[in-house]
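Reading through the structure tokens given below for one structure.
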């Protein structure tokens, strides 16, 4: 028996919201990054579920691209977090506030 | 007066109301919790509150030990190059069919070779600029010194 | 050259371009040129004259020329008369009127340039480069104004003429009086031009065109509108034509120094006398009257406007003539005479006497240039003394000056057969003919007629005081000599002043039944003309009835006899009072009237009061309003904006988590708005 | 050589040349690591961007994308994944020009920098992404191009590794960017869910035919579209996704600020123009999601321009002022999308594209001038700039041109583009109150912007310097770039008519 597509969407929405919650509440840059990854994966769930639903492979293929790009994003992000730590001695994203207003 | 209750037809109801409501709740809950705790909690800033907890012992240092930077470098390179292989996967699946469908070899193989070539340029660059160098020999250090 | 296509008319732009080139050359190289730039000016004006004469001949040969040179902007607005779009262009219109005027202007300008050699160069003035450059620009502006084919172009060059006269009147800017006179001339004429500008805008907005001639002209459009009974801006068409016509007339009154804007002209005597000659005879002042003649078809549509023109003209003629009676400065007398004579032209045009008005404009150009240059010669003779009471007895010492001056004076006074007589008589005859049916015009005519007496009087008072009797000063005993550069223009103009009247011997023609009213034929398009811009066309449009006393011949003779008699009477009075060896100041006998006249009817005083007593407090009140209310609002707005800015930028807290929260919050806000509007939650 | 003889994929040449240049730069750096041969590196980057520009211009002139018998028409690549039309070439030109200016200016700005080759290759890679974005015609390619633009940009902003401002800017840019791209991808997934396709024209076909279940997924589609708008808003620095911009522009090296605020913004807008004109035809989409999506852009435009200009008004730091002004200008350009629902909306969009082109020159120039000031080390605030004109009249003259042009003062081209935008908007607003409100907001904000732009000109030209300065150096590259941008801002005046026609034509072709 197949699961209706809306349950996948519910699942992905939930994952997305969890990720969003993490983005809004986590102050650690790494956790922030992980939360964003969670949101991206929510999109992947959607894509694959809908690819199945629509019966074409476009969504699955796009999910692969999303994964690859997410990895690249993580790489750049980690690099930035490294220099952040070097300059501010912390990975708390709320610490750097030299520029505001 | 006669009131007729019609059972609401679940399938006719817009499914996405539920989704929208969930999204809304999913956002409102964290915000609500943050708001409530902001209103309720007493604010007594104290440095010891932010200190590391080490089973009641007086902490002897930060929670983090610094790893060698190269450790991260290699990890990053691995993540990037490893994940690129997912792009090889659909190609591999379609390759046999493409050849069977009389698509010329250049068109079937060429793009992937180009892709790998670009990756190789990246790898070569990373190698040459020392990103994969775990440790440096004294001679290298000497030559790097201006 | 563009001459290939249109024959000699292709050279038309050169008429104005020559002086412009002279202006540039003089401005750039004047310092190094011999005669400090007089030569380019003389050559250029001579060139203009030649080309003008060619144009004149071409028109005489039945040609006319109307072309657009350059379109500098166009708009898509729809006018009140439903004309789509409007074009603003520079174009050339050469018809009998402008061809005649071009010849007059370039001729007078040439003579003034030549005379300047004697008047300015020989007297060792400094700043001659500036003088000749400005003279060139002045000539250029006037010539371009004359052949302008549309109202806006005319307005632009009209303003340029005003600017140049400002520069030239203030030529001796180191003195105290010249700059103030220049300012006065500029401001008073500008006040009139302000109405002119509004008039141009009104005409453009009403008819969607500013062209003078052809099917596309605003004159034709106005005629159609009146015929169709169109309502324009809430007025019926004729009223609106009157209003716009009067607005344009504001500029005319200012430039042509008509009451009440005449006050600047006597002061303008502060400029070099040559400049005065140019201003009075051919350029600045003539521009006003010329404009009325140029768009006469428009005024002809409105009897009200015409009557106002006529009445103002008649009144100014008398008003200025009375003031001229008591002046002691030779140039002042001439200045008031100019005002008076332009009054005649306005009177002539105002009664529908298009030919008479233009005729007088032409004659006046010659004899007034002559008189001014003559006065300039006298001033040279007198070592720069201008008070007539210091002169006397110059008759024998400077015969050329005397006789040419006398010719001019006779023409000015209107003594037969000098040119002024014929034209003034024609103006007065036309006024009388209309006046017999229209009481207002009759009053204007009466004033004009009365002014003839005063004209004769002050003209000959001037002549007698200057040239006759015994010398009353050392300078008059031993006058300076004058050179050929002074004499040649005087002789040329003297001849013209004497014979120019033969261009239109209307009374003679009437008596002999001979076809010798050449100017009328000329302006009537007998030789060549743009359709609609002819005397006949105008005459049919003008709604005035004409009456006669007895027959037309009787009326004409009566009118001519009256004016000649009055002129002679004036001259004779002057003769008895002043043509004595030791004339005395009879004017003082006038008592209170003398003071009033001497003070120019307190015109300056009331205008100064208008400026200082009325306008200044108003301006102060407006300034206070601006300072407090307007600035308050402006400052308030800026304070609120800056305060708002200070608040707005606080959103940017610098903490990235807050950004994420605000971002998501903003996104959800958008989602709610969109969802609400799209009914997603229903 | 005729364009006709080339294979179709060569139509992407402007983007491919940039990609090749980036690879060449990597190769150079691999052959000689940590090379400091600035002339070679910068020269390669400049040559690459200029050849990209030349090819794009050549294609435009040759008639690629234009309809008509002698032209080549729109070129479709990889089954509609990419499309090269007038719109794409127009934006490729903008991007290549800005890249060239930025790389020329970087020659001096990066004088003592360690990571020369990395810097240039990242710039060129980001430019590749932008150029590809102009031609992308599928949500897949769009997302890849978007990330190809974003990822190097994050690194570029943070490239001054020891400068806290730069690192902080990079972090904020990255975090907001990651969040936005997550939202964008989720939007893509929802749109895919509703329509079953990622290729823009096919999405439009599905929406118009109402095939499958798309009619029942209105809410899903609507949320997806809104999320796509979020992604666009991030790239164009529009409210509420603008929070990264003031910090990123302030903290980044000045040439990078110029690059991001001009080229990256242009890329964001071409993405918006492409997606929303191609994939979501107004009537069909409105029928499904129940609301007109141009409304969102109208709201965003008003809020963005108001917030940008208001926040800019009281800034003390010049670079930050320019950052906020750049947000304000994004608001102006958003009008081009907001007006699409009205008759003549294509003309408004064309006018907005024209404004982007002009903006590309004047804004790049302004940021490069700030780069020049940083090179001189005169400080960052308005007071620090006081009286600079005494020492550097040419550069300050150019800056005055940029400021007045940005403010929209006649006769500079910034005025004409804004005026064109305004008149087209008024024409389109015949019976549309929303657009009238937009026009009013445009006018009010322009007036306010004059205040802070002229404040800078006043500081440069009128105020007395706070302290005596020595002679200022005249770095060739920076000077050349600033002056070139100023010259282009002025030269666009006579060329304004034809270029604006090209923009209007390109817009009309896409909207039709």
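A, B, C and D label the chains in the order they appear, each numbered from 1.
Please note the rule applied: a contact is a pair of C-beta atoms (placed from the backbone, for glycine too) under 8 Å apart; a residue touches a chain by one contact, two chains touch by 3 or more.
Everything numeric here is computed off the predicted structure, so don't read it as measured data.
Steps from subunit A to subunit C, taking the shortest chain of touch contacts, total 1.
Taking the mean Cα position of each chain as its centre, C sits at the greatest distance from subunit A. Counting C-beta pairs in contact across A-D and across B-D gives the higher total for A-D.
Central chain by Cα centroid: D, whose mean Cα position is closest to the mean of all protein Cα atoms.
Taking the mean of the C-alpha atoms as each chain's centre, subunit A and subunit D sit 26 Å apart. Between the CA-based centres of subunit B and subunit D the separation comes to 28 Å, rounded to the whole angstrom. Computed from the mean C-alpha positions, the centre of subunit B lies at a distance of 86 Å from the centre of subunit C.
For the pair subunit C and subunit D, the distance between mean C-alpha positions equals 59 Å. In subunit C, the positions touching at least two other chains are 649, 652, 654, 656, 660, 664, 675, 680. Multi-chain contact residues of subunit D (touching two or more other chains): 171-172, 175, 179, 183, 218-220, 223, 246-247.
Residue positions of subunit A touching 2 or more other chains: 9, 20, 23-25, 61, 65, 72, 79, 93, 96-100. Because contacts link each chain to all the remaining chains, their graph is best described as complete.
Interface residues of subunit A facing subunit D in the complex, by the touch rule stated above, are 5, 9, 12, 16, 19, 23, 29, 32-33, 36, 39-40, 42-44, 46-47, 49-51, 53-54, 56, 58-59, 61-62, 65-66, 69, 72-73, 76-77, 79-81, 83-84, 86-88, 93, 96-100.
For subunit D in complex with subunit C, the residues that touch the partner chain are 171-172, 175-176, 179-180, 183, 218-219, 222-223, 226, 229-230, 239-241, 243-244, 246-247, 289-291, 295-296, 299-300, 307, 310-315, 324, 448, 451.
Here subunit C touches subunit B in the complex through residues 664, 668, 675, 680-681, going by the rule given at the top. On subunit B, the positions that touch subunit A within their shared complex are 15, 18-19, 22-23, 26-27, 30-31, 34, 69, 72, 76, 79-80, 82-84, 86-87, 89-90. For subunit A in complex with subunit B, the touching residues are 6, 9-10, 13-14, 17-18, 20-21, 24-25, 57, 61, 64-65, 67-68, 70-72, 74-75, 78-79, 82.
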